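Same chain, two partners: chain A is paired with chain B first, then with chain C.
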Partner chain A sequence: MKIVLSRLAGAGLALWLVASVTFFVVRLAPGDPARSLDPAVPLSHAETVRKLYGLDRPLTAQYAAWLSGLLRGDLGWSFDHRRPVAEVVATALPPTLGLAALALGLQYGGALAAAAWVARRRAPLRRAIDTVALCLYTLPTFWLGLLALRWLGHRSGLFPTHGAASPAALGGLSHLADLLHHAALPALVLALANVGLVYQLSESALRRALAAPYAIAARARGLSENRVVWRHALRNAVAAPVHRLGLDLPLLLSGSLVIEVIFSRPGLGRVAHQAFLARDLPVLAVSATAAGTLVVLGSLLADALHRLVDPRVERV
Partner chain B sequence: MLTLLLVTVAPSLAPQEPNSTPDPAAAQDRPPGTTLYAVALSDGRTLLVDAIDSGPAGGLTVVRQGTRQELDLASLASTQAKPRRFILGTDHLGRDLLSRVLHGLRTSLGIALVATILALTVGTLVGLVAAGAGGWLDELTMRIVDVLMAVPKLFLVLAIAATLGPSRGLLVTLLAATTWMPIARIVRARTVTLRAAPFSTAARAIGCSPRRVLTHHYLPHLAGTLWTLGVLGVGNLILLESALSFLGAGLPPPVATLGGMVAEAALQSTPSWWSIVFPGAAIVLPSLACAWVADQITAVR
Partner chain C sequence: MRWSDGLAVTAEDVRWTWLAQRHPEVAWRYAEIKKNIKNVRVLGLHHFAVEYATESPSQLAELNEGVILPRHAWSALPFAEWPRGAAWFRDHLVTNGPFELAGWESQQRIELRRNPEYFEPDRPYLSSVVLRVVPLRANRLAELEAGKADFVSQLVPAEVRRLEGQPGITIRQFWHRQYDYLAWNLRRPQFAQASVRRALTQAIDRQALVDTVWDGRARIGTSPILASVWAHHPDLEPWPYDLSAARDALLIAGWQADKNGVLRRAGRPFELELLVNSANPIHVDSAVLIQTQLARVGIEVAVRRLDFHALIDRLDSGDFDGAIGSWGIDTSLDLGYAFHSRSITEGYNSGAYAEPTVDRLIEAAREETDQDARREILYRLQEILHRDQPYAFLWEPPRFDAHSTRLRGVGSNPLSSLFRLREWRVGHD
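Now for the complex of A and B:
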């Protein structure tokens, strides 16, 4: 209980810092938001805009308004969408969460399965797969996404090329299938782009686990090598990559921004990119905060997961 | 490393102007390996033609965009035609892809190098100071570093870039500002272990000033780590810079950036494979080289 409370307090502090950092980063950057859209805006008009969005008030007052707004869920008004920012960002969250969850599942599942498969193969093959992992790590996400979109989306028509769901309303299971169909290719690309590091971690952890005394003992009892790898070693090797999960989340969300832009998925990343193109600062600040919040909450989950798969973690 | 150096000086090898072409209509979307002939006209224009032959009355017969044209002597500035080879083909505006890729590479590498040096400097300073000071300052700095690392880079960079016009200096600062945090963390962690080592206790015992301990005892031990981080950082920043220019937050056109080239090509209704594949490969190769070198450095140490 005590651990949970201290973790929550830490997360709360982190959330406050995230909100403050994004506020100051956006507001303190030189340049006048009221005139950045169009430098030709007359001064009097810019003055009105500034008043309208409270940009004429002192920074401390703006900061206080930002924080209290965040707490109350009142995030201001979007210049571009002409809707409350909270609404814009809230509708963008589900597609991003779905994409991220699917990509993470593919990434970790794929990495662990590959590591388990490779563990029983010869050294040259292991080195070859290592090289492939290194190459995947350096592939730009947007490039991989574009190639996949062209050849698997447009050219062959196997996957839908944009959106998170078909416009026609579907009920129940077919709706779920439709969502999965739309998310499959983006999630696959995202998982491929990030799988390299996770694979290397899992592979080295698994190798260590297979050399451990308990693995030797399991073999001595006459268990098949398959059983030793999948039932004994893998369970222990899972802890290392899961421990990194929290640190990988920012990378995952940055990647999902690019992927959402390419596949035109109406998620947080695309909202942020559109806001960037339209210089819609309130939406940008909130989506950056939302992304940071997702990471903080995700790290909490990852922490809990790590404790679950590795009970040896010291109780702080 | 050699590849990196080669690529840095490569723009002097670029065969053609990266941002313009004399005859856009005739040269657009040509596949790799195309050779066109440049015919100078007397009115100052230059035509790029597929085939060339001697025509009537000392003029030339040319094939341009699939049609035969007779050019008489009066309209020609010279009867000599210069062959132009487009090794990687041309883009949708008829610009030589090889030249643009080389220029884009130089831009990316230059920005990534300078930003990495900046990030290394800031990260090392923050890490050393945090480890040296200890106590609440250390705690506070690391908390802030944690939080900065928690906000996904692209969201943060887009938020800052939205209020500022794009420029080389700004881009370098932005990239450095989003990458110094892990460096600070690692430097701090290494320094804390170094501080507990017997040699640093000895150094303090014989009366070295804190500054001397830092510069003469800690930094040499950190050098290897910093090299690895630096090389890895250049590779990562090439990727980040190209992602930014792909999203439109990099240097504005017509400057050739690798990410921008991919984005421009993808916007076409029927993009040619070479205009997407070659700039992409030009991003992958240097970042792969960096990752590999960093891997080797770690393996050697």
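Now for the complex of A and C:
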């Protein structure tokens, strides 16, 4: 309990730091969101906009108002979308999280299954698959995405090329199937771009586990190799990739920006990018804070999962 | 004419729209355009009179700016709540155009359907239109080529090359209301003399720029009033690319080449930093070409690619030597935004160009209602700007749209790529 409380306190402090640094970096960056570049709009209009959004107040007062708003759950007002930031983020977050979850599932499921399969194969095949994993890891996500979109989307028509769902309203399971159909290709690209590292971690950990005395003892007791791998070795081998899982969360968020642009999907990445271009400070600050929150939560999640799969951690 | 909820569009709507447009709490960005309108009086159901403070050639444009709003539906929301009323307006949407909103999804699409109350019989031809957001340029083209989209706007020359000759695709080219320029900062001593600025223009091979970045499809600029506009001065010729004339003019201004060919005056080299928006590949390519071209006369150019907002900050603070930019012009032909000395502090005259005759002519053009007399004023203005070269006018770009051949009646023009959407139809002649 003491450990949990201390971790939560640390996370709270980290979040406050992330939110504060984000606010000042965003606010002090070049660019005036109130400024219009239309010759028909007088410069005096910028004063009106500044007053409207409280940008005419001292920076410290703006910070205090923003932070107290955050604590009250009021994320502010978007200059660009002209609606509450909470609404903008609430609309954009589900498709991003859905895509990230699917990609994580594919990435970790695929990596662990491949590692378990390869662990029992001969060295030349292992080396060949290692090379493939390394190649996948080095490929830029945008290149992989463009290639997949061209061949599996536009050319073959197997997957949708645009959006997160069909415009026609579907209900129940059809809607779920439609969402999955739209997310499948982007999630696959995102997973492929990151699967290499997880595979390498899993495969080397699994090989070490299979050479450990308890695995030899299990074989000596007459257990099948399948049972040794899946029941005994894998559980010990997953600690390293699972620890990595928490750290992958924010990476997937940044990766999803590229994917959202390539596949014209809605999401937080695109919202943040648009906010940067439009200097939509409240949205930008909240998006960056959300990314920071994911780093902190990812770190907490990594610790929790590590403890779950490896009871020895409790005793340290 | 009726609103989409069936009620008539009336003169009361027009008056109430004017009240909303100029209301300080609404904070409409174009409110300034309405400042000359003193009153809008309702004379009958569909008749109204407009009273102006002063006579001006832009009266119709001043009245026409913005759209008529539905008083019966929107007067329920106090003006003070308009700036934060997007959600309310969305829930109370009433329109009077050829289409009405059928649905929308943030970052994804806007769906329009035919407005059955539209006043023109049989229009629009299309029963529905879907406007899709496709952030990646390459995907827009791929969607058109795959037959998943019918219309794509604002192509760049490389995309035009890719689509040209493809069966089932038509490319439309038309002159846009934009010109691109290189602005000099006249606060800097090296750009203070008009003869030096003319020499710089003559040292830039604008035809080579147009050939390279626009595939030769743009036209070289001579003035801020575009060649397709009635008041464009027909006798102004672009300053020719003439390195020897440029060198002579620079020599007279005191700039002499050292043994390395670098121009120097009082021991100081002629060097300049050229700012360019990093997100505009045409401007970035042009800046690099200009860097090479000006090196031929001994001027060292450092190209600085900046994020758009950082670029604007530098221009606003007057902290630059030269910058490449674009302006889109409107029908008022008011050149005050960039060339009146008052705009140094109150407008977009970033280079601090100040010429009393130009100020007087700009003010006269704002008030002159006789078209021939106004043309003469604008001609004189263009002659002075051509002589003074506060900007090196680079080019007037065309705009390219592409659509599938099954789409008929497409009338893209400088006002809008979707101009007269009500006339678009699907089918073959």
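One rule holds for everything that comes next: the second predicted complex is superposed on the first by the 296 of 316 C-alpha atoms of A that agree within 3 Å, B and C clash if a C-alpha of one lies under 4 Å from a C-alpha of the other, contacts with A are read in each partner's own complex, and residues count from 1 in each chain.
Everything that follows uses one rule, which is that a residue touches a chain if its C-beta (ideal position, glycine included) is under 8 Å from a C-beta of that chain, and two chains touch if they have at least 3 such contacts.
Bear in mind that the values here come from a model prediction, so they are computed numbers and not experimental data.
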Contacts of A:Ala212 with chain B and chain C, given as first, second, both or neither: neither
Chain B versus chain C as contact partner of A:Ser254, first or second or both or neither: first
Chain B versus chain C as contact partner of A:Val295, first or second or both or neither: first
Chain B versus chain C as contact partner of A:Ala65, first or second or both or neither: neither
Touching partner for A:Val21 - first (chain B), second (chain C), both, neither: first
Partner chain in contact with A:Leu147 - chain B first, chain C second, else both or neither: first
Touching partner for A:Leu281 - first (chain B), second (chain C), both, neither: first
Which superposed partner A:Ala90 touches (first chain B, second chain C, both, neither): neither
First, second, both or neither for A:Cys135, with chain B first and chain C second: first
Doubly contacted residues of chain A, that is, touched by chain B and again by chain C: 29-31, 36, 146, 150, 261-262, 277, 279
Contact set on chain A toward chain C in their complex: 29-32, 35-45, 48-49, 52, 77, 81-83, 87-88, 91-92, 146, 149-150, 154, 161-164, 167, 261-262, 264, 266-267, 270-271, 274, 277, 279
Contact footprint of chain B on chain A as seen in their complex: 13-14, 17-18, 21-22, 25-26, 29-31, 33, 36, 134-135, 137-143, 146-147, 150, 247, 249-251, 253-254, 257-258, 261-262, 269, 272-273, 275-277, 279-281, 284-285, 287-288, 291-292, 295-296, 299
Residue ranges of chain C touching chain A (in the complex, touch as defined): 24, 27, 29-33, 65, 83-84, 86-87, 103, 105-109, 111, 130, 132-136, 138-139, 142-143, 145-146, 148, 307-310, 312-313, 316, 327, 330, 332, 337-338, 346-348
Chain B - residues contacting chain A, complex: 143-144, 146-156, 158-165, 235, 239, 242-243, 246-249, 259, 262, 266, 271, 276-277, 280, 283-284, 287-288, 290-292, 295
